[in-house]
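One chain, chain A, appears in both complexes that follow, with chain B as partner in the first and chain C in the second.
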Partner chain A sequence: MFVYLIRRLNLLITTLFLISLFSFSLGHFFPGDPVINFSGQQSLDYDEYEALSQTLGMNQSYFEQYIIYLRRILDGDLGLSFSTQTPLIDDVIRVMPASIELSFYALLLTLVLGLPLGLWAGIKQHKLVDKIIFTLATMANSVPIFWSGLIFILIFSLNNQIFPMSGRLNLLYEVPSQTGFLLMDIFLADMPNKLAVYQDALTHLVLPTLTLAILPTTLLIGMMRSSVVNVMRSPYIKAALTKGLSTRELISRHVFRNAIVPIIPQFSLLFNILMTSTMITEIIFSWPGIGHWLIEAIYQRDYPAIQATLLLVASIMIMITVVLDILHMLVNPLARQTLHAK
Partner chain B sequence: MQNNQIYKEVQYPGPYQIAWSRFKSDHISWVSFCLVATFIFVAVFAPVIAPYSPYAQHNENILHPPSWQTAGNVYFLLGTDDLGRDVFSRLLHGTQVTFGISLIVALVAMLVGCALGAMAGMSRGLRASFFNHLLDTILSIPSLLLAIIIVAILGPGLENTIWAVFSVLIPQFVHRTRIAIKIELEKEYVTAARLDGASDFHILTNTILPNIIETIILQYSLAVSAAMLDIAALGFLGLGAQHGSPEWGAMLADSIDLIYRASWLATLPGITMFICLLSVHTMGHGIRNTLKQRSE
Partner chain C sequence: MIDIKLLNLFIMVLTCFITLGCEQKSNDTLKSGLIYCSEGSPENFNPQTTTSSITIDASGRQIYDRLLELNPITHEIVPSLAKNWTSNPEGTVYNFFLRDDVSFHNTQYFTPNRNLNSDDIIFSFNRWRVKSHPFHDVADSYPYMQTQQLNLLIEDIIRISDHQIQIRLVQPSNSFIEQLATDYMVILSAEYGAQLSLKEEKQLIDTQPVGTGPFKFQEYIKDQYIRFKVHENYWGDKPKLSQLVYDITPQSSTRLAKLLSAECDVISYPTASEMLILQDKDGINVQSKTPENTSYWAFNTLKPPFDQKIVRQALALAIDKQQIYKTIYYGTAFPADSLLPPSSWAYNNKLTQYEYDPVKAKELLIQAGIKSGFEMEIWAPNIERAYNPNAIKMAEVIKANLALVGISVTIIDFEWTALRKKLSMNEHDSVLFGWNADMSDPDNYLRPVLSCSAAIIGINRAAWCEPKFDELLVNAELSDSLEKRKAYLIQAQEVLNTELPLFPIAHSLSFIAKQDNIHNVRFEAFSAISFKYAEKN
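And now, the complex of A and B:
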């Protein structure tokens, strides 16, 4: 176990090193002056430029520049945004919670829908239920997310005004931002009409969450189904059946637990899809999260912002992967065994 | 094999022929194959089939709904957009842009990626481990984000989008091929070939490659759909194909302003793309399944 942890840690550190190297090289790849790309300061006179170039080590070797860059990141200094000239780290802290909130609800919906449906389809393999669920999942998997978002808007907001089209909250309500997570902020805020605000926030959440959850849900159904099918073939299920367990007991005691363990490492794929979809969903629904912010940054050629987003998102992704791997190792004794055998 | 017919030549179907006939007998795979073939046909012959140029503006016929509606005009089968451009012609040309380019990009990426993956899979030691880490890094970045970054470096435009999608697809092929080769290398038949004195290259081309072809084909179908989604997504975000070009994603992006007045401009490109993606997916799975049965 200890060896495994060391190995994963090694992978984590190497990968983070490579990501930082990639992000560093972007500063030189992007069009324009590297000094400006790294610092983000645009209005510089000659002396300031010289001083900045000195602190960034631009006249030294790439290696030393990289060390300086690394030290700056670790201090939390990601440079300034081109368009607003404010520190990027503040911007990121401002927009990140909105994305996390949206992804969290979508992930929750994915788990609530995907796991039971996948389980059901896997148990009833080759029956009608399985065929229906599998066909629907395959079809939903092929719907491009930017189209489903538009169609949801067309049906639910324009044709029948059930849900609002964009944003997180009606402009009528003003909730002071404390944590950045809207539902939490409403809870903390001192307002007379809390229930109405909650209702408004929730109706704003419905469409983006649905749009975002479609793709991961179909993937999860596929994963869960094949895993359950594998488990159902194993001898211990037969043994449990001959012992006289009812279907419910069989599922809760043997099938579900054994089916969910092998797919834990695949969850990183789920997060990957979720991250990509979040960017597009945020654009469609004008959700003020990191994806929306990144696309705006690209429109305005805000290179420091693009660089910072890449660094952050990739680091988060690799951390999720490693954490899931370790979690898998902790809950799955079989994987531990194969590791020791090596 | 014994047979009593001396004069007639009897043909026994080879493994690929068996796989083909099995593929044909599966209805869903066969239908999706026909659909994909239709899309390829349209992609190649779009300029010949399309009734109008995708950029031709018919000023008297602006915002016609599809022809089956009462307000529709039969000369414009799927209606016209706000500049009087025929949606049907644009969709046909869009097939060429989105689907045709995806096919080619994925094919080239497959050739490059599989060659690199074979090299990585056959090598051992420090070089392999370095390669592994590098791949893990690239694969940890969501593909669309990476494509967006590359477009940000190169600048927006369809051509740069193609380069971005191409470089995003390669690592996935390398990864799949490498893993598949690693698994095959440990099997006994490869050891047998090695004991017979086969060189590494011979083992790779004659022994391993026929056995991992199904993995590569499945990955190719996934790559085609990923390329389509990425090209369309970048077009939709305004970073890929220019606004006004008949690329499906860009058409969707153009339709947003008119979505309430002219919903067919949003629904039709989406439905076309959906059918195309679905048939590519199912066909890939069908081919993989039959090839898998062949090896079993």
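And now, the complex of A and C:
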């Protein structure tokens, strides 16, 4: 187990190293002066420029520059945004919760829909239910998310004004941002007719969450289904059946648990898809999260912001993958066995 | 386990339906607030420091008042912060008598202790006029006043009493009184200035503004929204709205969709291609503004080969303007031959036209030594402007036109503020840009766009400085009769037409669209948008 941890950690560190190296090199590859690209400071006089160039180690070797860069990043100094001249870390802290909130609800919806449907389809393999679920899932899986998002908008916002198509909340409601997580903020806020505000926030959530959840849900259904099918074929299920367990007991005691364990590592794939889809969803629904912010940064040629987002998003993805891997190892005895046998 | 999951699913669906049912119930916050979906993020909240109409739209008529106002219908100058004014017969000394009941905004960052008085007027004017003023250096430049040379025109501003000031001019000026009513002549608070000086936070004067206008600034998150609250103690008719929010939505199609889904009450600049949808839609109406603007294609005259007149002329000849009117403006614009629109009294209708002639264009290019395969860039803003509904598409039409004469074009699209910053560094080859007039005076088109002073402070997009042209403008300014003035301005347009630092393309109608329950949004020529009288019912 210890060896395994070391190995995973090694993977984590190597990948993070490569990402940071790439991010660092962007500072030099982007058009313009690297001093300005790294710091984001645009209005510098000669002395300030010299001083900054000194602190960034611009006259030293690339290796030393990289070390300085790493140290700055670890201190939370991502430089200033070109367009606002404010520290990027503040912007990231402002926009990140919106993305996390959206992804969280989408993930919740994915689990709530994906696991039971996958289970159901797996148990009723080759029956009508299975075919219907599988067909629907395959169809939903083949629809690009920007298309489904726009179709939702067309149906639910433009043709029938049921759900709003942009933002997190009607802007006339003024909710002070304390945690950055809107539902929490509304709870903490001191304002009249909170119920109406909650309703407004929830209606804003519906379309983005649905759009975002489609793709991971279909994937999860597929994963869960094949895993359940595998489990159903195994001898201990037959044994349990002959013992006379009811279907209900069988599923809850044996099938569900044994089916879910092998797919845990694949959850990181879900996260991957969720992350990229979040960016697209945010653009479609003008959701003020990190994806929306990144696209604005690209439009504004805000190099420090692009660099910082790349570094952060990539690092988060890697960390999630590794953590899930380790988690899988902890809960799945079979996986531990394979490891020891090597 | 399944049951619990299914139950969750059921609850989820149920919540959706509940929220659906209750959504219809509206409340006061929604009823008394207005959401304006605007096209871009302002640089700051002080029109003195910019000529960007996004910034001026966001602050000019909302946060601030001026000494005088322009009546939008009669085009007469009417009192505002100044109750009345007098001048001496020569027109060089003006006395302004101020209202005494004007209060400044009470915000989270400033509590006023006194009403408006002469100090505030002097503070606001001297900020852009006097180099030694403590706040002069807070902004890089005051482009409008500097190009109009108002800082040179005003000799002195004298405080006569608490509510009377005297402005002395170096020479009489035809347009001085009208200038005072433009969006740029805003009145700031001297007391707030003093407070910021004390805290050594002078730069906040433009980003956390305090004024006397109908709305006070509350919050701004770049690329997202601006929030204004009503100024409770406003001196004039109290605004009907309690809250005004600018929802920053750069994409025009998104703005249109948000209007249709009732998330915006008013949207800025629907593009010409969207007008058809809007006209047929129930519950939505469209307001238009006369074409007091010009969109143009400016060449960077500092950069070879665009420093050669003949190259610029060749490029102009290669453009099929008719195609542009059809595909970009859908018939909502008038062709532009001069920087001045035909409605102006100084318009020169005898200019030689650059009719579409790719053969001649090619000849001129060969003459200038430009070989086939020459590469150039066209910069374009990625948002709609009053004068240009779709600059990127226009750039594509031009690109196709130029391909026929052997020039290959790279289009570079920029976000608005980034574009303006980049342009002032003069690194571009050419740019699709334009100008919105601030007053009916023809000088307002020529001087801020192409004069040498505009080139110096970096808002002359052609980086063009021609002494002959500037001299004509000065002569026009100094002439005693309208006839002489017109003659000089006509000559100035001739110079532009042969030198062609920029190629005028169109004078465009511009629009806002709004829900039927919104009334009295002021959207008029020579002024930024105003929500002072806006109502929602």
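Rule of thumb we're sticking to: the second predicted complex is superposed on the first by the 342 of 342 C-alpha atoms of A that agree within 3 Å, B and C clash if a C-alpha of one lies under 4 Å from a C-alpha of the other, contacts with A are read in each partner's own complex, and residues count from 1 in each chain.
The working rule: contacts are C-beta pairs under 8 Å (C-beta built on N, C-alpha and C of every residue); 3 or more make two chains touch, one makes a residue touch a chain.
All values reported here derive from a predicted model rather than from experimental measurement.
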| item | value |
| --- | --- |
| Partner chain in contact with A:30 - chain B first, chain C second, else both or neither | first |
| Contacts of A:334 with chain B and chain C, given as first, second, both or neither | neither |
| First, second, both or neither for A:93, with chain B first and chain C second | neither |
| Touched partner set for A:314, first chain B, second chain C, both or neither | first |
| Contacts of A:171 with chain B and chain C, given as first, second, both or neither | second |
| Which of chain B and chain C A:241 touches, first, second, both or neither | neither |
| First (chain B), second (chain C), both or neither touched by A:299 | both |
| Contacts of A:5 with chain B and chain C, given as first, second, both or neither | neither |
| Partner chain in contact with A:153 - chain B first, chain C second, else both or neither | both |
| Shared contact residues on chain A - chain B and chain C | 153, 158, 299, 301 |
| Chain B-touching residues of chain A, taken from the complex the two chains share | 11, 14-15, 18-19, 22, 26, 29-31, 138-139, 141-147, 150-151, 153-154, 158, 272-273, 275-276, 279-280, 283, 294-295, 298-299, 301, 303, 306, 309-310, 313-314, 317-318, 321 |
| Chain C to chain A touching residues, read off their complex | 1-2, 5-6, 8-9, 12, 15-16, 19-20, 22-23, 25, 27, 29-30, 33, 35, 221-225, 227, 243, 245, 247, 249, 254, 257-258, 260-263, 382, 413-415, 417-418 |
| Complex contact set, residues of chain A against chain C | 82-84, 94, 109, 112-113, 115-116, 119-120, 153, 157-158, 161-162, 164-167, 170-174, 193, 196, 199-200, 202-203, 206, 251-252, 256, 286, 288, 292-293, 296, 299-302 |
| Partner chain A, residues of chain B touching it in the complex | 133-134, 136-137, 140-145, 148-149, 151-153, 155, 225, 229, 232-233, 236-239, 249, 252, 255-256, 259-260, 263, 266-267, 269-270, 273-274, 277-278, 281-282 |
